[in-house]
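Every chain is named by a letter (A, B and C) in the order it is written, and numbering of its residues begins at 1.
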Amino acid sequence: MESVKPILEFKKTCVSYTKQTMAVKYVSAAIERNTITAIMGPSGCGKSTLLRAVNLMHSLYPNIRVDGEILLNGENILSMEPIDVRRRVGMVFQRPTPFPTMSIYDNVLSGFALNGIHLSKSKKDEIVESNLKNVALWNEVKDVLNKKGTFLSGGQQQRLCIARALAMNPDIMLMDEPTSALDPIATKHIEELLLELQKKVTILVVTHNMGQAKRISSRSMFMYLGELIEYGDTETMFSNPEHERTKAYLIGKIG
Amino acid sequence: MANQKIKHRLAKDKLMLWTICIFATLTAVPLFAILGEVLLRGYDQLSWSFFTEPTPTAYKAMKAIEAGERIPGGIANGIVGTMIILSMAVVVAVPVGILCGTFLAENSKRRFAKVISYLTDLVQGIPSVIIGIITYIWVVVPMKGYSAIAGSVALCIMMLPLIIRSTEETLKILPASLKEAGLALGGNKARVMLKIQLPAAFGGIFTGVLLAISRVIGETAPLMFTALGCSFIRWSINKPISAVPLLIWEFFNDPHLQELIWGASLFLLIFVLTLNLSAKYLAKKWNQ
Amino acid sequence: MNDKLYRTILFIAALTIPIVCGGVVYALITDAYDAFEHFGFFRFLTSSEWSYTEGAEQYGALPFITGTLLTTLLALLFCIPFSLPVAFFVGEYFKGSRVASILSTVTDLLAGIPSIIYGLWGFYTLRPIIIALNISPQGSGILTASLVLAIMIVPYAASLSAEFIKMVPNDLKESAYSLGATRAEVVRKVIFPVAGSGIFSSYILAIGRALGETMTVTMLIGNTNNIPTSITSTGNSMASIIANQFGEADGLRLSSLIAIGLILFLITAVINMIGKMMIKRARIT
């Protein structure tokens, strides 16, 4: 079978906060297109750190070093301008953060405003409508687009944040525990949404919820103390993990 | 025996409570005393002509007193002067102050920013009369004369630290997730600050500006050797100009114009207290 | 708007502060130089002459330095019995209640009253009372000025102290209560020691504020250039002599006034810096 070029590839990626301690140690993995890959592991295993390296969030903090390579469509993002990388990589955080001073309409388009991209009114309307439809929020807010997003429920706010990231047409979406601040029903809606979205965009999701990983991801990574212990098909990993550590995590012995 | 001791301690406790309550309430008294006095002495001076006419000459005032009439004239020259000086000061202090506060918030770890922060505190503590002297030396002397410009430079220097601090503090309180979400969308630091952070900080910044204005609007000393004062309404900015606090000082020093003190003071006091209360109210509202 | 332009603009805005500071120090030093050179630095500080007869001008700063220090110290003394109770009222006894927030607002409004109005009130209301009570014949003087100054600095001392009192952790207080202490005892033995350095630093800052106060003192201190001998004597402070004479001064007298300004600037700067440093340390612990 011909190998489709992976959309994202980690090559011996290391992230360190100080000279002595590495939070992420020599992670190598290739992420396939249009999949949902879950990154799991106990707290402090480096999963969020690894995720945030992909859109160069660490460049905000001068004491963080990233070594090795992270290839996005073959290009090493570590030698690219952060702004360029972030236009191609979308991120959704744990807590929904609609911009409080902007309306729902403007929130969806905020990526463009922040990048200094001007659009015609008709193009703007089109982007807002299609992305809100993509996150199944359109019907709920189409009459209140001019209101600020803060009155929406947690789940709706998170969907707004996903729409906002999607509007930039990223190659890959990074999600850092996107449902851990939401109630179970909102979580269910987001999970269904992600399953739909993977047809359009590749998703990398950090989660501490094993059930979620099982429900939505086709591939899974298990990390422990900064190392990538196991990476494979979710099904296989859950039913027949190769490594002792993975097994211990999955049955609740660690983490 | 033990019972006695406990009673004793409980009595001391009650005494402490009452002392604190009494003295705390007493501190509220001066506010109402001052307010009341200025109100009582000044309310019947307030009239349309009081706000629209300039100050009378000592001669006119003397004649009116002799004739047993109310002194003609008012404080219009002071009101116009204050407005002019204040607007010029605000136009410079607000943008510079916000930009400087943003600098301090964005670079809080760097040594240079710490030095600037330290110096901002220093400027904030400079006595107002010294700022008057400095502005005299740097503006009045080179310009060879007193002017509204000099007055506004002095007030601007006094407003700067307050605006800088409130901008810096409001920005620092914003959740980091806001900035990160903006950056994650690909915005550069400038755009994230201009479109996300500063708008979110607007409430705190605006309150800070209101408070800075209320602080300088009643200042007399810095204007004494810069704007100097003027007995008629003047619209030009490079000549001596009046201001409400300066007028009050003039009235205080002139035996014939004593009556006018209270109307002017009432006006000033109401203005300042309204600004203060509005700032407090807005701060509370925006913090919800 | 790219990042480089953004950073440059911010940097330039930040430069205004050091420029202002530099301007202040430079102007004060160069223009005070004449007086210091003519009279000698220490002689100027310790002389109490102030005469402007042509050809035999003699100026010295001592009366004004004493005037400033006396009024400030007295103001501090008078303000403590009021600002401490307010601080404990708002920060502990009625913390969080409606009454406390009203008192807070009232105290803040006191801080907002312009100093010239304090001066007017002191002159037209307080002075007659002092004369009537036979405390002093002319009513103005160190005492009157200090009383009004005390009222002016109460808000600064009270609101900052209240902040430190509120910061005392609840578990500390609860442990003391659980051992059977009364409220007064908790205040004395737990809150005061823990918030103590913060409270102290707030008074340092209040002193800084009082040192530089101009209009009120000018209107109430009596405007005589002698070293005060009792709290009812009249005198002048550094700020008030400048306010009174700067307008018509020139030559050596002007330089002497600016020299006094320099001394005032230095004293205020040092006190404020000490206060701010102590506050920073008290906030961290």
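Going forward, a residue touches a chain if its C-beta (ideal position, glycine included) is under 8 Å from a C-beta of that chain, and two chains touch if they have at least 3 such contacts.
Quick caveat, the model's predicted, so the values are computed rather than measured.
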Joint neighbours of subunit C and subunit A, given as chain labels: B
Chain at maximum distance from subunit C, centres defined as averaged CA atoms: A
Most centrally placed chain - per-chain CA mean versus overall CA mean: B
Whole-Å gap between the CA centroids of subunit A and subunit C: 56
Inter-centroid spacing, subunit B versus subunit A (mean Cα positions, whole Å): 49
CA centroid of subunit B to CA centroid of subunit C, Å: 17
Sites on subunit A at which at least two other chains make contact: 116
In subunit C, residues with contacts to at least two other chains: 1
Overlap residues in subunit B, where contacts from two or more other chains coincide: 188, 191
Complex interface listing, subunit B residues touching subunit C: 9-10, 12-13, 15-17, 19-24, 26-28, 30-31, 33-34, 37-38, 41, 95-96, 99-100, 102-104, 106, 112-113, 115-116, 118-130, 132-134, 136-138, 157, 160, 164, 188-191, 193-194, 214-215, 217-221, 224-225, 245, 248-249, 252, 261, 265, 268-269, 272-273, 275-277, 280
List of subunit C residues in touch with subunit B within their complex: 1-3, 5-7, 9-11, 13-14, 16-18, 20-21, 23-24, 27-28, 31, 81-83, 85-86, 88-90, 93, 103, 105-110, 112-121, 123-125, 151, 154, 158, 182-185, 187, 208, 211-215, 219, 239, 242-243, 246-247, 257-258, 261, 264-265, 268-269, 272-273, 276
Of all residues in subunit B, those that touch subunit A in their complex: 175, 177-178, 180-188, 191-192, 195-196, 199-200, 202
Residues of subunit A defined as touching subunit B within the complex: 55, 57, 60, 82-84, 86-87, 90-91, 93, 95, 97, 99-102, 110-111, 113-116, 161, 164-165, 168
